[in-house]
Each structure stands twice: as C-alpha cells, then as structure tokens.
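Chains here go by letter, A, B, C, D, E and F, matching the order in which they are written, and residues are numbered from 1 within each.
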Amino acid sequence: MVERQPHIQCRPGDVAPFVLLPGDPGRIHAIAAQLDRWEQIACNREYRTITGTFRGMPVSATSTGIGGPSTAIAVEELIRVGARVLIRVGSAGALQPGIRVGDLLVAVGAVREEGASAMYVPPAYPAVSDHAVLAALLKAAGDLGVTAHAGLVRSHDSFYTDREDELTRFWAGKGVLGSDMETATLLTLARLRGARAASVLNVVVPADGGLEEGINDLVAGKEAARQGETAEIRVALQALHALWTEESG
Amino acid sequence: MVERQPHIQCRPGDVAPFVLLPGDPGRIHAIAAQLDRWEQIACNREYRTITGTFRGMPVSATSTGIGGPSTAIAVEELIRVGARVLIRVGSAGALQPGIRVGDLLVAVGAVREEGASAMYVPPAYPAVSDHAVLAALLKAAGDLGVTAHAGLVRSHDSFYTDREDELTRFWAGKGVLGSDMETATLLTLARLRGARAASVLNVVVPADGGLEEGINDLVAGKEAARQGETAEIRVALQALHALWTEESG
Amino acid sequence: MVERQPHIQCRPGDVAPFVLLPGDPGRIHAIAAQLDRWEQIACNREYRTITGTFRGMPVSATSTGIGGPSTAIAVEELIRVGARVLIRVGSAGALQPGIRVGDLLVAVGAVREEGASAMYVPPAYPAVSDHAVLAALLKAAGDLGVTAHAGLVRSHDSFYTDREDELTRFWAGKGVLGSDMETATLLTLARLRGARAASVLNVVVPADGGLEEGINDLVAGKEAARQGETAEIRVALQALHALWTEESG
Amino acid sequence: MVERQPHIQCRPGDVAPFVLLPGDPGRIHAIAAQLDRWEQIACNREYRTITGTFRGMPVSATSTGIGGPSTAIAVEELIRVGARVLIRVGSAGALQPGIRVGDLLVAVGAVREEGASAMYVPPAYPAVSDHAVLAALLKAAGDLGVTAHAGLVRSHDSFYTDREDELTRFWAGKGVLGSDMETATLLTLARLRGARAASVLNVVVPADGGLEEGINDLVAGKEAARQGETAEIRVALQALHALWTEESG
Amino acid sequence: MVERQPHIQCRPGDVAPFVLLPGDPGRIHAIAAQLDRWEQIACNREYRTITGTFRGMPVSATSTGIGGPSTAIAVEELIRVGARVLIRVGSAGALQPGIRVGDLLVAVGAVREEGASAMYVPPAYPAVSDHAVLAALLKAAGDLGVTAHAGLVRSHDSFYTDREDELTRFWAGKGVLGSDMETATLLTLARLRGARAASVLNVVVPADGGLEEGINDLVAGKEAARQGETAEIRVALQALHALWTEESG
Amino acid sequence: MVERQPHIQCRPGDVAPFVLLPGDPGRIHAIAAQLDRWEQIACNREYRTITGTFRGMPVSATSTGIGGPSTAIAVEELIRVGARVLIRVGSAGALQPGIRVGDLLVAVGAVREEGASAMYVPPAYPAVSDHAVLAALLKAAGDLGVTAHAGLVRSHDSFYTDREDELTRFWAGKGVLGSDMETATLLTLARLRGARAASVLNVVVPADGGLEEGINDLVAGKEAARQGETAEIRVALQALHALWTEESG
C-alpha cells in the first residue's frame, strides 16, 4: 500500500490532476462553495485538501500556508500523488499605481526573491508560468469580465524588513506589478518537476496604501477584496475547466 | 484603539511576555495540556494563539506554520504586541549518529540556510540564541532528566531538493546536530528586534533514517517522538518559569 | 533633427515597430528573401538593418552580432527609434535528446547565465517571453507544420570553457531545451523597457553532437540547418503578421 | 619525535589545555604578570607563547597577531598540540553609545565580516561562543565587579576603508556592540575543530571617538584602557579557573 | 585536413603568431593600410581576418565584434590556429578628467565587470596584461610621441543601464582610467590559455562628455578620434615588431 | 605636531619613500644586513620598522605580520607617512612543478582570495603590480643571476582548511605559480591609494612537498630557503635603487 505523503497526508488517488493552491486554509471554503460537490481529504498543519468536481471536472484544492518553504512541501507532495496542473489563488500587494483592490494579477513570471526556490536551482533560472495555463487564465478573466493585469510579480520572504521602502521602490521601478510570498516557489518547482503551473493573485493592498490596513480589511471582509477572492477562484476554475475540456476532447 | 496585528490577529495585552512557538497549530493543544489554565486568543491561517498561566506565570503560545517566512510574520507581530522572550518548540531531523528520536536539540546557534533572515541582514550576522534563555533551557533539561544535545542546528527552506545527500553530508561534516526550517529566522529576527529567543527541537528523524518514515511516525503518534514533544514543552515551560521567577524576584 | 543612434546608425522612422533580430549579419539576406520588398537602412560593425514589408506589414530586421553585450546595444537603440515587438531568429545547440537539427526552439523563458542582463537587474528577475508574442509564434509554427519545442533555453557567454560538460549536464538535468548567447539579454531588456519580445531558435547542434561540427555544417550550408533557418524566419514573420493584423484590426 | 608546529613553534606538551589569546605579543607580559609562575615556550614572528599556572591551574597564552589569517594559524596549531579551551583577550572599538573605554565586551557571537573564516565554511554558519565558557566569563566579570556588555561583535579585515562611516552605521543599527578583527575567526574555527572558545574585548575606542586617538591612547598607556586590559585578563583567567575546577572536580 | 575554426573560419597556418584585435570589422581596413602587404583570410559574421607583413614581420588582424562573448570566441579560435601574442586595438570612454579624445589608454589590467571571463574563472583572478607586451606598447608610444596613459580600464557588458552615473562615479573614484567592453575578456582568456595579450584603447568619449556624441563623432570621422585610431594601430604594430625582432634575434 | 600612526608608530619623516615589506619581523635583520647603515624607528606588535640607506638611497623596511589585515594596516599607515614605492619580500609555496625552493616568484598580479582587499573594492578589480617596479625587479633578478619566475600568485587567508587539495589543484590548473597571504592586499591597496607596489616571493615549499616540512626547513635555516631570502632582498633593493636613480636622474 502506498504511504500517505507526510505533510499533506494524501495518497495517490486522493487528489485530482488539476489543483488550486490558496495560501490560507480558510480560503478552501470559498473554493468549495464554487464546486458541484466536494469532500475534505486531509487537514494537517496548514495543509487542508479537498477534492470535488467543477462542472463535471475533477478538481482538488490544497492550502499551502504562507511562504515558499511550506509551499514547496505542498507542491512536491501533490505532484508525487498525481497533481499535474497547479494554479495558485492567492493575494498580493500592488506595486504600480492604478491597480485597485480586488483587481487580479496574472503572473507571467516571478522575481525569485524568496529562499525556497534557491535551494533547487540558481536564481538565473526563470520562474515562468506555463504558457498554456497562463493563456487559459487570461481568457477566462476576459470571458468573465474580470479586471486582470498580466505581468511579473515578486515573491519574497518578509514584508516587515527595515528596507521595505527601498525594495518596493526598486521593483516598482522595474515594472513589477505586485508582491506575494509563494508564486516564485510554485513556478520554479512545478517546472523542474515537469508539472504545469500558474498564479492568479487578488490585490488586497494598493501601491500607495499601507500593508496592515489592507490585510486587515481583508480579514474584516471588506467588499472589494472579497469580490476579488471570489473572482480569482472563478477565473482559475474556469481556466482549469477549459484545459480539461481540451485534454478530454 | 490599537489595531489587531494583521496575521496573528492579536492586540497588545493579548499575549504574555513569555511565548512558546511551535510550528504546528496542532501542537498548541499539547502545550495547553501543560498549563494551569488557558484560553484561545485568535486563530487565523496557520497562526493559533493561546494565553494562560504555568505555575502562576503568564505565558502564551503561537503556532508559526512551517518555514521562515511565516515564522518571521509571527515573530514580528508578537514582539509588536508585547512578546519579550520567545522559545521555539519544534521538531528536527538529526545530522549526527547517536542522536535518537525523542532526544532534544537545544540550539546554541543556527546555520542561516533559509531565505527569511537574509531579507533582514547579511549572512555574516550570526543566528545565536540568547545566552540566558539557552542556559535556562539546558538547566531545565538537566533538572527534568531529559536527554538534550546543545550545539548548532541548520535551518533551510526545503528538504525535497535533488541534493539532499550532498547538503546533509556537508553540514554533518561541519558538526551541525540537526536540521529544521524555523530556528535561524527566529534567532536572527528576535535579536535584531531586541527580544530574547532560543529553540528546543524534538528529534523526529534519526541521522540514518529516511525523512518520510520519520515524519510519518510522528504523525502516526509513535511513542518516542510523542514523548520528545511532551519533554520539549516541559523543558521550555520550566525554563521560562525560571527566567520569570528571576525577573520577578 | 534627431540624431542617429550611435551603433545601429538608425533614426526614428527608419525602423518599423516589428523587428526581427538575427545574430548573424549574413542572415539578413535570408530574411530579405522572404519580404515583399526591402531596403538596407544602415550597416555599421555587426549591425545591419533593413526595412521592408511582409504581406503589407512594415517590418525591419537588424543583426545583433554574437553575445549579450552587442545584443543589448541593438535592443536599446532599436527601442529608442521606435521598435515595439522584437523576435530573435537565432540558432541554438540542443540540450535534450530527441531534438533534431532544424527543429525550432521557442523560448518561454531563458536562464540568465550571461553578463549583459546582470548589468540591469539582479538574476532573480526572470527572463520571460511576452506571452502574446510567444502564443503567436507557437500558432504560426503549428499552422506552418514546423516542429517547434516550447520551453526554457539557457543563454551564456562562452561555450569554450573548461567545464562545458558540467554546465551542459547541469542544465540538461533541469529540463532546459537548448543554449544560445542572446535570448536572455533580449527578453530581460525588452521587458524592462516596455517592449515585447520573444525568441525562436534553429537547432544547429544536437545534444549528443559536437559543437564544431554542428556550426560548420551550418556554415557549409547543410540542408537541415538551412531549412531550419528558413523555417524560423517564416514562423517569426507570420507571427508578427498575426499580431499586426490584430493590432490594425 | 613529534615535530614542532611550523608557526607557533610548539610541540604537544608545551601548551596547557586552557589558553589565552591576546592579539599583541606585548600583552603576553601583562598576562604573565597575573600568573603564579610561567616560562616562555617559543617566540616566532607574531607568535609568542608562555605556559604557567594560575592558582594552580596550568594555563598558556599565545599572541595571535592582528587579523583573522594569523589568528587562524595560531588556533589550528594550538589545537594540534593540545589546546581545548581558548579565550581571546583583545581590544575593540565600541559601536554603541554608552560603552566607555575600559568596559569589556563579552562576545555572544560575531559577525563574520573577515575573510579567514570564509575559507572554511559559508557565512551562513554562525560564529558563536561556547555557551559554558561564555557563562563563566560573565560570572567572573560579575564576581570581579567589572563592567561587561554581552552581545554581538563584528570582526572585519580593515578599518581604513573608504566606507567606514557606512559600515559603522549599518552594524551599529543592527545592535552590534563593537568591532575587532579576530573574534569571528576564533569562534568559527574552534567550533569546527571541536574546541571551545570565547572572546572578551577591552574597549579602547568609544563609539563617538576617532579610531586613531583611541588606539594611540592605548599605546600611550592611558589609564582606562590599561585598566580594561588588566580587567579582561583577570576575568578570562578566573573564568578558565572555574571551568578547570569544575572539570577537575 | 584540419578543420576550419567554426566562427573565425581560419585554419592553422592562416594566421600569424602576432595578431591585432580591433572590435570593429571596419577597422581592419585601417590596419591593412599600415601593412606592407596583406590578404583577407576569412569574413564570417563580425569576424574579418587579414594576414600580411609589417616591416617584414608576419602579422594578422581579426575583428572581435562588440563585447566579451564574441571576443572570447575570437581569442579561443585564434589561439587554436596558432596566435601567441594578441593586442586589442579598441576604443574607450575616459573616466578621468584630463584625458582627451585621441589619447591612448594602455591597459595594465582590467576590471572584470563583464560576464564572459566569469564563465572561466572566479572574479578574484586578475585580468592583467602580459608585462613584456605592455612594456613594448609603452615604449612604442614613447618612441612615436603618442600620448598614452598606463593604468587600469574597466570592461563591462552595457553602457545603457539605468545606473551609469553610479557605476561611472564608483570606478572613477577607484582611479580607473576608462571603460571598454572587451579588454578584461581578452586578458583573462589569453593568460589562461598560455598566450600573451595586452590592450591599447583610443579615447573616443571624454570623462565629462556624453556617450552618444562621442561615438557619433567617431562614426562621423572626427579628426581627433581618427588620429587616435591611427596612432593606436601604429603603436601596436611597432610594439609587436619589437617583440618579434627580439624573438627572432 | 603630527601624530604617530597608531600601529606602525611612525611619523612623517621617519620612513623613506622606498620601503621593503617582509612579513616576518625577524626578516628585518636580514634586510638590515644588506644596508649601508640603518636605525630602528619603531617596534610595536608585529610591526618593526627600520630606516637606512642602500648605496646612498634612503630606504625603509617594515614587517607586516602574517595575512592581509595586518598588511593593510601597515600599507595604509606607511603611505600616510610618506611611502611611495613598496615591495613585499615574502615567502610562498609553489603551485607548479619545476619551481624549486629558493627560486623567486615575481608577481605580475595576484588572485584576491583574501578578505582584506574585498573590504575596499569588488573582486573584479585586479590586483596588479606596478609595471615599472615589476620591470625593475625582473631586470635586477636577471642582472644578479637569480632564478625568478614572473606570473600570477594567489593570496589567501588560510592554508589549514579542509579543502586545500581542491584549492591547490584548481589554481594550479589555472596556471598560478604559487601562494602567499599578503600580495593581493598590498597590490590592491597601494594602487587604490596612488602608491606603486610589487612583490617578490622566496619559494619555501615546492609544489609536490608538504607545507609543514617546507616551513620548518625555513625556520631551521635550511640552506636553499635562506639563500632565496637573501636573494629576494638583494633583488628588491637593487630594483628600488634603479628606480631611485632614474627618479633622481
């Protein structure tokens, strides 16, 4: 009998080939709400996994926790039990003016300013989304009428450093759209392991706003951020569905 | 009114100056079981916080999740609401023969092979435990008759890389006792922020054992690892109590 | 009067918004052969520039010379005089078995193992193709029935080092499709400057073949490599035409 | 017959397990003055070694010269002939206000901004004092009524660079107590070689004073610095004596 | 039969042991004009090679194209077919006031701020001219009454970055005379391959002038720059002749 | 009144513009033995300074101690009190077969594998001898009939690391002649400060010999090494004399 993966606590067969990856275990409920039906497979530490169907397509969702290291564990273990296409549905702070809370960022690639991907491959290796998954996300956003910005995001390991102003100014000046803490790890590892990945991020802090207010608004359930979360899940599910239909065709 | 911290969801006054930091939110229950009384303060994402008393000493515990990035958030936000002494109670894989599952590692310092501390200060800056907290931990372990190894640990961002053998051999050859994913972040940030920190780790994988079996044993509740977890919590609480008594004296 | 750019010797108006970038000035002729009509704009050092039309679409081609530094100059100066979409039509050595001479590599992104892009931005920043130009290239290849492999390429600054075996094995093991010397510079700079870029490479050396034979075969005009060159130019022109039609629409 | 070590010119048996390490060969006399009895073992280049007893405990002292490289040689060769516990008795410039000339810094750990330790192990490895030797030093300082500051020091390879202001501001801002040129090398190498080490430093330049005046005052024999030197030797000898008594017990 | 080198398209016997290396294929004509007689050996991409005699000495000249990568190819392939002494005759921007357009810089060594030499050996390895070739260049300049400044130059991979002011100020402050894009690659590779190399550079942009004007002046054939080009070729040929005479002696 | 330099304890006027720099204070006597007359100026720590005349030329000698950090102090302070031309007269281990004990290495440049020069300028900056001082050394060696090898040396911060075999093989493979611990610091700092420097090294350990025997032989006064020491001092003095004569001319 095949052993359960040690952290996500799933076995081969538990997880669909198409997987959504929120950071927050709490967001699994918001995903479940958009499925035809679902059941919880496992819940250990920050890893909660459900499997169900969306318009007939089998799909799973696993929370990664915050940061590249816990995301790396989830990605590695999910691929070992059968995941093949992974889309992060996360949140981000914007780095460019004109991007509003609730807008979506669709990552074409990511700045690897986190430590987890560096354990695997030198930083010269690019963190790039799978081009077909990316195209499916952009098409889904267009079809659903959701505002989505395609470009680079920056993934890092802390937003509480003493040089946040400097870091933010630098990367904004390089045209990066926004920051999160998991996309670069996901894109790097999935490609190295032969899986396909992309990332869609709900903007919860505008470029000119303070971090803490933004996140608190999210926690407090402010409307724009909540709508963005709903939108990114819908976009990701519809993109996966299109890929699934094409494959099944 | 002072705002809640965005991730741990605590306000000043919610948290005692003395805090235990397990990685796993599930370990909060094992800590609670050793307190006189306690209540849950908040639970958001991988951050679960309780506050209570141990033999009359006010004490809190907050889970950090896996990895330096989520640990950095917990440490930063806890210090902002009043934490002053932080002891990680985590788990580790051993790098030296002769260290058994359930033995404790007490970190004198940590190799900073994780990305989160590098966001703050160049790697030449040492991740070192507070010497008084360290002494209190070693004394408590001695008084309680627990096997505790004092020395360096290595904190990293993934144990699923393609060069684990090479990394393990290298650091074992440098005398490092074991590996975890959070200690270096905690020690570096706490010192930079003027707080005092140390780390005690329960060995769940021996040096010559495979990783996945080890962790699975823990999850499955194997006895040695479970006893080690109980022991590390007891050692940490007794060490904090000694420091508290001394301060209150 | 606006000054000529110092190296490419072009003025605003001399160059169309859509530009092909071969490395070899000699390949300009092969490009010209596929245009409706064309004229040579300038020829200075390794930079030869022609402007003409392809099925009615205005298009230019400028040779970049070998390597990131001369490519950086071409890209910067072309963008200053009006280039907006740039496609490299170059040659590559394969890193994976099963890729044959004359097959095309379409770069999703590039490993930045060259020095020129590092003058601009840290290596954590990914060298990624513009997703719409990439999609147009893949569609054109499909429509034309050309074998095209989409994936990562590696750009470097020398293939004559004493550690070529080691470098080749390392990057092949990471799934990289092939190596050239210019793609990473182009993709990085174009994105930083707000232009759109992609790269299609004709394989002239197979993964298990020696370098010198491969390149000599090209020089000697061996048939497979020559057909690959013709094919990559055709694919790139057709992709640009599709983007132009869409924009003009 | 066992060969003499090439630089310190000592054989096994010449040196006691407990060794003081001043930088200046001239400070050997100040150490000798506090011993019961002593003899000079060797004097070659900057390495002068004496062996004697302090209240019955066998003890040696070897000067290391200035800087990590000559210190590395002394530490390696001393350990080869039998040294087991090594305490540097050096001088430092303060980086924090409120630390006065003649105060002692007791290094909990050291920033590895010197080149010698980097020859051995990556900078992520922490330069940390042995916790028991550190505790003995702090206890001795307390018992003797000497002002001693416990914390991090920074070891570097030159204080004559063009960016001293920047370096000083940076590390002072990170809470580092003071700077020397040897502590990080000693702590790193001793731990790698299985020996125990610590460092106590006499402050000869205050944080707001100029370097050259401070050092000149020392050379000129100014009183505070001289008293600090006497105090650090006394503290180190008393700490070693306590460890020796404990071991002998 | 020995194969032609794949890029420079030369065979053993085609090239003299003494070789001049201009960057610009167009400068080959200016070199030819100073030879007794010459013939073109090959012309492929940016590599144009002639071989002839100067006052009876056999000599070749090969253009390298712009940048370290194409220079590395030329240097490697030339040495394979018999080159033993290589002198770059290039152009530079001045970094120090008082150096005029048309003055020559004779490189004692070069800052390795380009990527090509880094593929071969860590940056700690110095890019240094062969001392005898350097001495011959300085003597020739003196004998010919040409203003030549001996010192360090800096070789880089782009002068179009967003931090040119910062880079220029930094290296000017370190005493570097001027900047080019090929010298460091040449000096590093030639020494590693056991050949002898040096570099003489014609100043085409003064320290306080703008880049583009300077280069345009060169292209437009401004007099000072043209005279500098003639002078550097004369100096290099005379230096090679002196070395040849000495060897032949 | 001008203050004494804090470490070398010299004032302006105490030291001649031409200075020899042995590492070992004991070698000052061997230098003095070749002077017309001399007096000791200062002796503090590892810094012993004498000033005298050699065939009428005023000359000084200051010992630097072992390693880049103490050498940096000596070089900085000597230049502050008037030194203008500095020649290291040190010892080295050979990295190439065929170099015998007592042969001299004349450094054309040095690999900067030591930490002191890195405090001043990035490693891409080359450590290069002054070409005129180098030429004078080579001429003096020739005139005196001393075997002298001109080429690169490598300066490092420890020869007791666990990877000496690897380091030695690597740099020998790159053609480096031998290793010492001070040359790179001297060459880098002197050039940055506008002084002229070079280095001549007496080989005391052959490439295929063990380190410790070699150095012990030196200490024991073995004949070849002793003759090499005498030779290097003679060569350096004669070179300085030639430069002095030329300047005075």
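Going forward, a residue touches a chain if its C-beta (ideal position, glycine included) is under 8 Å from a C-beta of that chain, and two chains touch if they have at least 3 such contacts.
Labels paired with UniProt names: A, B, C, D, E, F = Uridine phosphorylase.
Remember, predicted model here, so these are calculated numbers, not experimental data.
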item	value
Where subunit C and subunit E overlap in contact partners, by chain label	none
From subunit A, the most remote chain by mean C-alpha position	F
Fraction-based call for subunit F against subunit D, same above half, different below	same
Gap in Å, rounded to a whole number, between the CA centres of subunit E and subunit B	59
Inter-chain centre distance, subunit A versus subunit C - centres from mean C-alpha coordinates, in Å	32
Euclidean distance of C-alpha centroids - subunit A vs subunit E, Å	51
Numbers and ranges of subunit C residues touching at least 2 other chains	113
Ring of chains, enumerated from subunit C in the sense that reaches subunit E first	C, E, F, D, B, A
Subunit B to subunit A touching residues, read off their complex	3-7, 9, 23-26, 44-46, 65-70, 72-73, 76, 113-116, 118-120, 156-158, 160-162, 181, 211-212, 215-216, 219
Partner subunit C, residues of subunit A touching it in the complex	108-113, 121-128, 131, 134-135, 138, 150, 152, 174-175, 184, 191-192, 194
